[in-house]
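The two complexes that follow have chain A in common; it is paired with chain B in the first and with chain C in the second.
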Partner chain A sequence: MIQKLRQSGTLLGFVLILLFFALKLPDTFLTARNLINISQQLSMLAVVAATMTIVMVMNDFDLSVGSMASLSGIVAAMIFTAGYPVWVGLSAGLLVGVLGGLFNGFLVSVVGILPFVATLGTLTVFSGMAFLLSDGKTIFGRDIPTSFSGFARSGIEIGDIKIPMLTITAGLVIFICWCILEHTNFGRRLYAIGGNKEASHLAGIKVVRLRLIAFSLTGLGAAGAGLMYAARVASANPTQGSGLMLDAIAAVFLGMTMSRRGEPKVIYTLVGVLILGVLDNGMTQLRVDSYVREILVGLIVLAAVSVSSLSKRRQS
Partner chain B sequence: MQSLTFSNMSKAFGGVPALADVTLNLSSGRVHALMGENGAGKSTLIKLIAGVLKPDSISVSKNGSPLPLNDARDAHEAGFRFIHQELLIVPQVSVAENILLSRDLPHRFGFAVNWNKVQAIAEEALAFLGATHIDVTLPAGDLPAGDKMMMKIAAALVSADQNEPVLYVLDEPTAALTVEESEMLFDVIERLKAKGTAILYVSHRIDEILRICDDVTVLRDGEFVTTNEISKTSKADIIEAMTGRDFKDAYPKREISIGTETIVRLKNVDTTNLHDLSFEIRAGEILGVSGLAEAGQTQLLKLFMGVGKIKSGTASFIDEELPGSPSDAWARRVAYIPRERRGEALCLDMSVRANIVLPHLSDYGFYAKPWLENKDAHKFGAKVRLKSNDVSQPVGQLSGGNQQKIVFARAIQGNPKLLLLDEPTRGVDIGAKYDIYLLVRELSARGCSVILTSTDLPEVLGMCDRVLVMHEGRQAHLLERGEMESADLLSHFYNGHQAS
Partner chain C sequence: MKTLLKTAVSLFAFTASSALAENVAVITPYLAQPGTQMAIEGFEASASEKGWEVNVIDTAGDVAAVISRIEDSITQNVDAIVIAVDPAQVNVGLQSAKDAGIPVVGLDAGTDPLLVANVTSNGYAMAAETSVYIANRIEGAGKVVMFVFDAFPPVQIRGVVADAIFGNFPDIEVLDRVTPDVSDGGIADSRAKMEAILAANPEPGSIAAVWAAWDQPALGALQAIEGAGRAGEGIVITGIDANPQARDAIALAGNFEASIAQNFGAMGAAAADVVAGVMSGTEQRARVIYVPTKMVTANNAGQ
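This part shows the complex of A and B:
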């Protein structure tokens, strides 16, 4: 009973938040247009949070995703500027993500540095590289090909509704992450590593290799989100990804309050993302000061995690 | 003589009784054994006495007058002291500070810690226990397991604010100790007895209970079965009371002779920690590895799991080199049951199913196949007589014996050629122990070679065909079946310098 309540508490909170905004903003909040708008606003965060879940399943995490998103955007934009076709820029951006993720994985699993310290270091490194490459300037205008930025504006029309490509991309990434974590033996092994690293190693699981792969997937996701962001604003700036990291980790934590034994799950991470996105959208419409918004979001995350950990303690 | 009576002890979890109306009479200067299989209610009883679990009912009286017991503070003030099987120590901090952990450190000038006095108090407590060899300035984490136990007992001695300890509860104190260290503990228990405290002693090891205890109370399925003076009962009676079954020989006999094929060959092998290893193991043979604690038994087993590098000498497993990594080892049908069940074998929050199939996930292909895993988990769970039908239950909720069976189910699923067992029956109740011995015999009969480390002497004698005695990482003796008949001989090797 308490277990069920604990698990559904966050979901209940989400419903209450939706109800609150629906009552306060009867004309604008629960409209197809606004909801689609939210989904598009959230698509980058959803991609980063879903791929962040992959490392958090192993009890690791990656602080460098935000600066990786900025870096990949810059790399792609520079390649566009140099006159190469769009696919070259995209591949280069994603490749940077994989390599950066592999480097994180190398530091964590081969060298053996705590993920907090290792990815804090690479956060600074990636961010510095983004500034260095771009000379600290925003790359925009004619340098960004329209076929690239057009992607973010296009969508698939179903009746009167146009579902944005960014939303569809995010949906696809979430689906793939869900398949990987829940339905492959690779994912099962990651959960086992999270459950007990030493036991997993002695049970023949290739812990070092799997952590390398998991970190590179997170890097790939961060880079993908960076490209989505660059397409959406049709420019690349060395700081544009920086807000993603904290929100992504917050979303995974919110999600963990919903799962049975407190382990991260992609579906619950998605709920966490939605909570953060809906709050942001609703409060913006209510013209809540953005600083107040930040305080509220932080408090809500703390409240959800506190309730979950208190009820867990009561249980045992 | 003082008496201490705990009566009407009851506790149910979610309507299921874990302890039903149990009464325990303790007297000062006597060691009272509490026995029962896992799940019999021993831990619940201890937690009620410690005041850490809220009882459905309990009444306590000392010399006939009632004693309040509502929480842990009451238990402490009544003079009850607890020494748990899993030693909670602060490893980075000195022995002296660990001993004085639960009380204020003595001061001088009103604020500065008086380190000389801290050490003096700690040394005095250890001296009372006869453990003067322990250096109180060392970090506690550097002590061997036996000395850590001494340290915890010393801490219990001095933890009193002013009140004298009245009762010591020792929960499986010898589980992590060697024979030699256990002897030291028994001496300490004698001293505590002589001082006039009552002792409640929980252990699965009947032989040691028969030796050091005065009375015994047996629980089964949460209910009181019997209380008896040790002198008026026998091993067979106790086992029958615990299991509700007739006493049977504790170790199943070998029925099928050892094979002819040599599975493992080691010649003059040296690693960083191990030296002079030379032995062969044939198919189906059970090789015991014994010695003092941390004499290299675990490293020897891990060598076959690909952990640790061979520096010189030659080693082979089925005519090839030893496995290079744990995953290689499992792939070549080496199965490993580590010493630390919780730390090295199980993911406690995960299901029975996930824990059983863990090393065999590659057999299921790329996509997870929960239905096949369920089938296998049920199949191998049944083979090890696992007492849980729900394979989705987290293993952390199961008893020690059942947890160990899960690790065995995992090993058996790989149909092993070589089984590595590190203290396989540690913290496991008698019923589950026998099941585990049967499994080992079964595997051996199928031609699987076994290396078994144990500090439990009767277990080594009862199960093994040959015994390798290790001393400080060196192969000291390799005893054949014929030389093993006398337990005295073997205990001589254990104790080394001690006269036996």
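This part shows the complex of A and C:
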């Protein structure tokens, strides 16, 4: 019973939040347009959080995702500025993400630095590189091709509704992450590493290699989110992704309160992302002070995790 | 549970009050900056006289979130939106507002065809005033340290003007063009950078002046110079914005000699007037509205 309550508490909270906003904002909250807006607003966070789940499954962390997002945006924008086609810029941005992720994985699994420390270091390195490459400037205007920024404005029309490309991209990434973690040997092994690294190693799982791959996937996701961000704001700035990291970790933590053994799951991470996004959207519409909003979001994350950990303790 | 109920009740109370008044959303990622804060306070004061309901939204540095909040405000069907952020970066949101027929006014933002108008100070003129002040004070000769921040367009243009003015004096050498880390507010890192520059130039008189594109680096440089015991060398420091801390430092008649006071309050009030005009259907012709600035020195810092 307690187990069920613990698992469904966060989901119940989410439903209550939805009901509260639906009652308070009957004309504007549960409209197709607003829900699409929310999905679009959340798309970048969803991509970072879903790929962050991959490393968090192994009890690892990646604090560098925000600065990686900024760096990939800058790299792509610099390549656009140099006159190369859009696909070259996008590929380069994503490649930077994979390489940065691999470097994180190398530090964590080969050199053996704690993920917190290793990725804190690379957070600064990636951020510094973004500043160095861009000379600290925001790249915008004619330097950003309209076919790139146009992606963030485009969508697939279904009847009267236009599903934004950013939302579709995020949906695809979430689906791929879900498949990888839930339906492949690779994913199951990552969960095994998260359960017990030593035992996994002894059982013949190639821990070092898998961690390398997992970190590079997180790096790739961060870079992808950075490109989506740059397309949405039609510019690249060396600090623009920095807000993504803490929200992504908060979303994964919120999601972890819903799973049976407290392990991260992509679908639950998505619920975590939705909670954060819906709170932001609803409270903006209710005109709640932005600082009060920040406090409330923090308190809700704390409340969810506290309920989960208290009920877990009682259970044991 | 009690707290939850209380929060819910306060949210109800908060939203119940505004059935008929004009609703204006003010959205910025930079509310922590004193200048933005003062401009928005000026706007709020003027708006409350006009009987508007104003919702100030701070996205705490997140520019994409500004677009999200613009979209939310459109959903909420506000009467007007005011932004204090580079409009080029929130273009998608501005386009959505235009499509929805909601006017957007820039508050110290930047010019953009999708804005009704931008209300600001003349950044070129401010930078020209302080850099010429330094050039004259050091009689056109000596080494100058510059603190700039090119990532933020309104501050970037100040650096460009100072570059041009110092470049026009053959005997002025720009010793270093420093971009401080602003994540700590800008004072601490500027101080560290200035300490390093002072250490690299130990000869008295080897640094003639410090030109800062805003006040925080000027204050950091002042602390470094005083900490190194070199306040007596006559190094001239100037800033821009004349925030209260800078005014106090200037009033002491030490190395920090001048800054430029932007009239942020008036900027906010002028933006409110533009919003009022647009809502009443008046055509807004000027795309940029400059609010006058004033040089602050030891003579008038206390005023």
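Definition applied: the second predicted complex is superposed on the first by the 316 of 316 C-alpha atoms of A that agree within 3 Å, B and C clash if a C-alpha of one lies under 4 Å from a C-alpha of the other, contacts with A are read in each partner's own complex, and residues count from 1 in each chain.
As a working rule, a residue touches a chain if its C-beta (ideal position, glycine included) is under 8 Å from a C-beta of that chain, and two chains touch if they have at least 3 such contacts.
Computed from a predicted model, the values in this text were never measured in an experiment.
> Putting chain B and chain C onto chain A via the overlay, clash or fit?
They fit: once the shared chain is superposed, the two partners occupy separate space.
> A:R188 contacts which: chain B (first), chain C (second), both, neither?
First partner only.
> Go through the superposed model and pick first if A:A199 touches only chain B, second if only chain C, both, or neither.
first
> Of the two partners chain B and chain C, which one touches more residues belonging to chain A?
Comparing touch counts on chain A for chain B and chain C gives C.
> Tell me the contact category for A:Y291 with respect to chain B and chain C: first, second, both or neither.
A:Y291 contacts chain C only, not chain B.
> Going by the contact rule set out at the top, does A:P238 touch chain B (first), chain C (second), both, or neither?
A:P238 contacts chain C only, not chain B.
> Contacts for A:K265 in the overlay, against chain B (first) and chain C (second): which applies, first, second, both or neither?
Touch partners of A:K265: none, neither chain B nor chain C.
> Mind working out whether A:R153 is in touch with chain B, chain C, both or neither, as first, second, both or neither?
Only chain C is touched by A:R153; chain B is not.
> Using the superposed model, determine the angle chain B, chain A, chain C defined by their C-alpha centres, to the nearest 10 degrees.
Result: 130 degrees, to the nearest ten.
> Considering only the touch criterion stated at the top, classify A:R211 as touching first (chain B), second (chain C), both, or neither.
After superposition on chain A, A:R211 lies in contact with neither partner.
> Which value, in Å, gives the least CA distance between chain B and chain C in the superposed three-chain arrangement?
When the complexes share the chain A frame, the smallest chain B-chain C C-alpha distance is 30 Å.
> For chain A, which residues belong to both interfaces, chain B and chain C?
In the superposed arrangement, which is not itself an observed complex, chain A uses no residue for both chain B and chain C.
> Please output the residues of chain A touching chain B within their complex, sorted ascending.
Residues in contact with chain B: 182-189, 191-192, 195-196, 198-206, 261-263.
> For the complex, which residues does chain A have touching chain C?
20, 24, 28, 31, 33-34, 37, 40-41, 44, 131, 134-138, 140-141, 149, 152-153, 229, 232-235, 237-240, 242-243, 280-281, 284-291, 294, 296
> Looking at the complex, which residues from chain C come into contact with chain A?
Chain C reaches chain A through residues 7-8, 11-12, 14-15, 18, 31, 53, 55-65, 67-69, 71-73, 75-77, 86, 88-92, 95, 149-153, 156, 179.
> Can you name the residues of chain B that touch chain A in the complex?
305, 307, 325-331, 336, 338, 343-350, 354, 358-359, 361-362, 364-368, 394, 410
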